[in-house]
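Below: one structure in structure tokens.
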Amino acid sequence: MPIWDFIHTYGGQILGGTLVTCAQFLLASAVAVTVAMVAGLGKLSRNLAVRGAASVYIEIFRGTSLLVQLYWIFFVLPLFGITLEKFWAGFLSVGLNVGAYGAELVRGAIRSVPRGQWEAAYALSMSPARRMRRIILPQAVQLMLPPWGNLLIELLKGTALVSLISVADLMFQAKQINASTFLSAQSFGIALIVYYVLARAIVTPFMRWLERVMARRLGRA
Amino acid sequence: MDMSEYPLELPEGDRPMVRFMNVTKSYGRLTVLDRLNLDIAEGEMVSVIGPSGSGKTTVLRMLMTLETINGGVIYLDGRPLTHMARGGRLVPADERHLRKMRSSIGMCFQHFNLFPHMTALQNCMEGPVQVLGLSRQEARERSEELLQMVGMIDKKDQHPSRLSGGQQQRVAIARALAMRPKVMLFDEVTSALDPEVIGEVTNVIRKLVAEHHLTMLMVTHQMGFARDISDRVCFFFGGRIEEQGPPDALFGKPERDRTRQFLSAVKEAG
Amino acid sequence: MTFDWNWDFTWEILPRLLAATVNTLLAAGIGYAIALVLGLVLALAQRTPSKAVTLVVRESIEFIRSTPLVLQIFFVFYVGPQFGIRLPPWVSGMIAIGLHYSAYLSEVYRAGIDAVPRGQWEACRAINMSTRDTYLRIIIPQALPPSVAGMGNYLVGIFKDTPMLSVIGVTELMHAANAIGSESYRFLEPYTLVGVIFLAISLPTAGAVRLFEGWVRRRLGL
């Protein structure tokens, strides 16, 4: 089948899958950023229990595979009475997994803010919360944006695994088309290209733009 | 470029150890060296002084073939270094030719550039063993002799990170000498050193001048040192040799205004 | 709540899972060996004088890094047969995972090589060293220690990505857990055990990598 006929026939299916992938990506990103902030700050907390909880979360999710986490959340959590619809299980797993890596970025960036900034804020007798919010975090965010750019690419790639619990994303549609046509080069090849375009033409430029915006806000551009 | 004015080989009787012939170097539109002509005789010690940006370091880097040149030819011991004869005319040298010619030249750098993962002795033996193909025994004897000469024999098994700047530079001199070069280049070898250890490096160079028949070209900021040990001093300004001559003449009775200005500015700063 | 951990079942399936763990480690080891070598080739290929080679290699690395490994595994496994080449799951799996991680490792090597000061290259020229010896004896030994951390992270990474090989039928740990699940309709024990086994291997490995990094630095006198 010529490639144009292939696209004509299966383009809609691929587009539908791409939209599901985008939705999974956006929701998982929101989860990842949120838990990364919470766990990253938690790991810097003076409270031993908070620090311990953050460490356990980070080590478990970084120490095992995303696929294991996905299956566990989808197949095992229901045994504890928590049944998640597959779409939810998908982006929650991906988000929690990437969030654990993101937590380390948050922690590292906060600790990279020069000591003098902490001391200056202290000398102005700012409360710890205000110091973090007004002085430290804005500088830390700028430091951690470039590695977050890479992490979000990893997250996008991670969403492909939700196809294994039958979320109808791009990967899932590619498999379906392959199974019914045996045109593997076309179906998987097009999916590879779509992922590449999403990563290089949308995610990376967006993060670059965000870096510039943040730099401007800090008066560094 | 018309290469016919450049001989394939310098004639007998007119063969300095190094000859820069109309050598030009530019980066884009910025000309660093403008048609430089400079001869260095065998066994001569020539110092190069001048303000920063005058092109003096570039002279050394071109001779070491770390920089390509944009015009002219450099001859080494009568034979072209930057070019090679092909079909009766000179063409730019290829890597093989450069490797053959380069082995006659040794260089010491401002920041020493010792290999950090090797001891002082291993640094000195590296070239003789890997490049010259000496046996480890021969290379070791040669290196230990040189480390003895520069006063570093008791530190021969230390890594560079454990040595002071002055000590590292002395090892670097030994490493360069271990290749038995005909020409030695010293590129601001004391500039990165603390004042109190400069003497230990300059003393080594003094010893070299006194005891060895080596051709040397040295870029330095130390006017007193240059005056003491040089046969000739070249003052560079704006990519050209503004003035040159025996040290006593150049430092004692400079002829050009720019030389006088430079020397008095250095004197005030020092 | 239907949470009931069955210890008898646990002891029954544990040997089977541990046996599959051997395959997981084997897959990670082979994949990593491919990635280590191929990554170096990709890193050095970007240093040739040819701009075209550099550009093609760079874009290929970007492509591999921006697309999902699980999709690459499917691609390698299914595209061969379409053109009459039938590769066993193990072979396609090792090609895909080795290629994927070689792209990452090439970036680690590249950063390591770029971090070696320019003076080191110049010192090599000053003692007239060949390009080959310059790389082998001076540059790579210095590029390695800062690369060890990155290389170690990807060793742990490749290990954690091996479950994806189960999708084309490589009989590793995840494959065994899936099989147990579909035979017994019990998922709690197999999937939890898989998680525990992964933790038990990846956490000490990450620690060992950190120790090794320090050792390499000291060993090279840096």
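Some notes on this structure:
A, B and C label the chains in the order they appear, each numbered from 1.
Throughout what follows, contacts are C-beta pairs under 8 Å (C-beta built on N, C-alpha and C of every residue); 3 or more make two chains touch, one makes a residue touch a chain.
Being a predicted model, the structure only gives us computed values, none of them experimental.
The fewest steps needed to get from subunit A to subunit B, moving only between touching chains, is 2.
Closest chain to the protein centre (all Cα atoms averaged), using per-chain Cα means: C. Compared on C-beta pairs in contact, B-C and A-C come out with A-C as the pair having more.
Ranked by distance of CA centroids from subunit C, the top chain is B.
Rounded to a whole number, the gap between the C-alpha centres of subunit A and subunit B is 55 angstrom. Inter-chain spacing, taken between the CA centroids of subunit B and subunit C, is 47 Å.
Taking the mean of the C-alpha atoms as each chain's centre, subunit A and subunit C sit 21 Å apart. By the touch criterion stated above, subunit B contacts subunit C in their complex at residues 64-66, 99, 102-103, 105-107, 109, 111-119, 126-127, 130-131, 159-162, 175-176, 179.
Taken together, the subunit C residues at the contact with subunit A in this complex read 1-3, 62-63, 65-72, 74-75, 78-79, 81-83, 160-164, 166-167, 174, 177, 181, 187-188, 191-192, 194-195, 198-199, 202-203, 206. Listed in rising order, the residues of subunit A touching subunit C in the complex are 59-60, 62-69, 71-72, 75-76, 79-81, 153, 156-161, 163-164, 171, 174-175, 178, 182-185, 188-189, 191-192, 195-196, 199-200. Per the touch definition, subunit C reaches subunit B in the complex via residues 117, 119-120, 122-123, 125-130, 133, 137-138, 141-142, 220-222.
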